[in-house]
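Here the chain labels run A, B and C in written order, and each chain numbers its own residues starting at 1.
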Amino acid sequence: MGSQILGVLFDGFAYGMLLFLLSVGLSVTLGLMNFINLAHGAFAMIGGYATVTLMNWYGWPFLPSLPVAFVAAAIVSVVLERTLFRRLYKSDPLQQVLFTIGLVFVVSAAAAYLFTTAVQPVRVPDYLRGSVEALGVTFGIYRIFLIAVALVITAFLVAGLEYTRFGAMVRAAVDNQRMASGLGINVETVFAITFALGSGLAGLGGALSIEIVGLDPSFAFHYLVYMLIVVAVGGLGSIRGSFVAATLLGLADVAGKYYVPELGAFLIYVLMIGILFFVPLGLFGKRA
Amino acid sequence: MSEAALATRGLNMRFGSLAVAQGIDISVPRGARYALIGPNGAGKTTLINMITGLLRPDSGTILLEGQDITALKTDARVKRGLARTFQINTLFPHLSALEAVTLAVSERRGEAGNWWRRLPDYSETVDEAYEILASMQLADVCLQPTHSLAYGQQRLLEIALALATKPRVLLLDEPAAGVPRNESSALFEAIARLPDDITVLFIEHDMDIVFRFASRIIVLVGGATLMEGTPAEISSDPKVREVYLGSSHTGGAHHV
Amino acid sequence: MTTATESSATKPSASVDPRAFLKRQTRWSVFEVLFWLATLSPFFLFETYLSLASQIAITALFAVSLDLILGYAGIISLGHAVFFGVGAYTAGIVSKYGWGEPISGLFIAAAAAAIVGYLTSFIIVRVQHLALLMITLGLGFIAVEIANSADWLTGGADGLLGVETWPVLGIWDFDLWGKTAYGFALVVLFILFVVSRRLVHSPFGLSLRGIRENAVRMPAIGAPNPRRLQKVYVISAAIAGVAGALLTQTTEFASLEVLGFQRSADLAIILILGGTGRLYGAIIGAIIFMVARDQLADMNPQYWYFWIGLLLMAVVLFLPDGILGGLTRLVPARWRKP
């Protein structure tokens, strides 16, 4: 019994780390510009398809394809940001929502055209397959790998935000944009770089998630909902909030599906609405 | 001594480690014209935000005509006769000036919840709104959308909106902010023409205007009242001079 | 000091007549009369499309209900199908268990949707921005889960079968051609449109626009925002419920799809296409969207959404007031309502 709970906790945590990678960029960019970017899920999907393309069409191994997934998503996102999204920073939220949803439709349809609607097969290398046993619990090696990657990236993010000059600029801009630009920070450039980094992380998350949840053209939309839950519950612009919320969501989702499968996704939404009712700005949110 | 129209007792508030209000006690008698002055960051707007219910003080009480209103929401305070204007225009950009003031009047008259009768059928409400606009010299432009009004007219609309609530106490947060000097005194003339039974507390940086229009002055520094007195007392007080000259060499300082 | 506000009753100058100005805004224009006359054309010109026409009328009514909260009060909702669905299931269940009278069915459905609207309104008025989006989205998903698991009542994934609608007023039976269906839907749409139009032009409607324009200022002029928002939310929910009930009554069927996210999302698209905050935008959007979908029905849904996606992006970038807003700009200013 105890080992079973431990196993569920492990799977839930691994899933939560995946959700964290997918969502953290969205949280930071939302905190920076208040721009509701529903196309974030599409960037994750672009990362996933980049990996699929490299591995299945060009025979690349899994690991080298991951940085490419990051870069592909980052480049596509920053091009869109510079050309289109920036026109909408002053628009009202609904316009942003509908514009970016429109983009999701287009990207998903393009994915269906290029790759069909089938779930994409990806073969991760043998050393990431299988599992190890400890304390009577089976730990999937791929999930251990996933947790390790997420924790390393979290460490980099936190350190980068706390100790680098760029991180200080991002923090200042999240706190008070007007004051930050008054101090001579070029908020637009900071935002463009952050946007690219955040989308890149989503692309990486998209590539890493193929093995766990599969990849098809509905990915962008399906996981968008999870990302938004993480951001809303964690609070905009907060890495810590995203981490906590993603972990909570991962645990609740896996445990819910395991122990009370008849409730389906019900549990997650009730949890989210409950949390937002009492803390409308999210667990670590400072402003709407 | 008659009861104060507006009073605060021991208002305290902190933003994190920053104390923005430290034991503020003020008392404004009915019909008086008080000015609230102090250097930037002294907590003047914060005080108005607390009095009107936009911010909740950590401790202390706010009394409107002797009644404790500390626990009331902003709209309930307005219903009791406490209105304000904003330092930065806080208007309804796509409503016409007439619609905006009509809205405020119909709120006061308890008609704004009615969703069946048409707006023009409330002729008294509309006429009253028009009169208020006329009294602020806005009659000619009142059909234009707010965002198309000149800046000075928008400042007047700020006051018109507050007047539409029929306030007994009116708080004006830098009513002439951003208005050229030659126009700002005209704006204060309009304020001076308000009925005598309206109590006014205003924030203003231009000392000439403060001395002309205020009967008494409250000086706020670092979230605490430094002193209170008549214009003559304030202008001759060395502490006030020091605060103003010490904190800034521009702005209103050299008018003291 | 002299008193200025009260006594010096300034007479309206020749150029400015405030009451006439406000009256002009509420008057029915020629365009409106022509528009409603044109809605009768399916009876004569497009008889084969009557069932599509009734679908459009129902969707238009649903879109009008969203416009009340979104276009006028500024509440963004991605879960408005909840109320449509509650109305649809309520009308269906009432009919299935022996009461198929359509008009009273609409009232019952409206009441049920209004109750759900009232209960959820307490959450809605507490949150803004992303949290509001997420809560409305979440409520939508929860509604689907509830309807799905309560299959003893709703028929679950199979849908609600056995709905039977009695003739309207005991005279007009719901025929195969959809003549009654369209007539009934159109009359209900028109009545509720007039009600919504009335609401928009009332002091309450003005206060909603006030909240949308500046939610901070409203309390400072004595307006209780949450109560106003709750009220319009409940009214909007009731109208959405009527739209849902109409769908069940005219098709004699209800499925989980009436509650789904897809319906909420399509609705938001319709409204933004047509233009928010002008009521007719909701109807125009519904016509364009539904006709386009009907014409492109053979298209793979993936590609349908490709074009919808492109259209959305184009509208947001180039026609931020929607199609109707864009058309209005072509009309000479003196015919236009401010």
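Assume a contact is a pair of C-beta atoms (placed from the backbone, for glycine too) under 8 Å apart; a residue touches a chain by one contact, two chains touch by 3 or more.
Keep in mind the model is a prediction, meaning the values are calculated, not measured.
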- Report the topology of the inter-chain touch graph, choosing from line, ring, star, complete and other. line
- Message: If you average the CA coordinates per chain, which chain's centre is most distant from that of subunit B?
- Response: A
- State, to the nearest whole Å, the distance from the C-alpha centre of subunit A to the C-alpha centre of subunit C. 34
- Message: Centroid from C-alpha atoms only, then distance subunit B to subunit C, rounded to Å. What do you get?
- Response: 40
- Query: Taking each chain's centre as the mean position of its Cα atoms, how many Å separate subunit A from subunit B?
  - Reply: 47
- Touching two or more other chains - residue numbers and ranges from subunit C: none
- Item | Touching residues (chain side subunit B, partner subunit C) in the complex | 52-54, 73-75, 78-79, 83-84, 86, 90-96, 98-100, 102-104, 106-108, 111-120, 122-123, 125-127, 129-132, 134-135, 139-140, 142-143, 145, 161-165, 190, 192-196
- Task: Could you pull out which subunit C residues touch subunit A in their complex?
- Result: 70, 76, 78, 123, 126-131, 133-135, 137-139, 141-142, 145-146, 148-149, 265, 268-269, 272, 276, 302-303, 305-306, 308-313, 315-317, 320
- Query: Touching subunit B in the complex: which residues of subunit C?
  - Reply: 1-6, 8-10, 12-13, 15-16, 18-19, 21-23, 26, 198-199, 201-207, 209-210, 213-214, 216-225, 227-228, 231, 235, 338
- Item | subunit A residues touching subunit C - in the complex, by the definition given at the top | 30, 34, 36, 84, 87-88, 91, 93-95, 97-99, 101-106, 108-110, 112-113, 117, 217, 225, 228-229, 231-232, 236, 262-266, 269-270, 272-273, 276-277, 280-282, 288
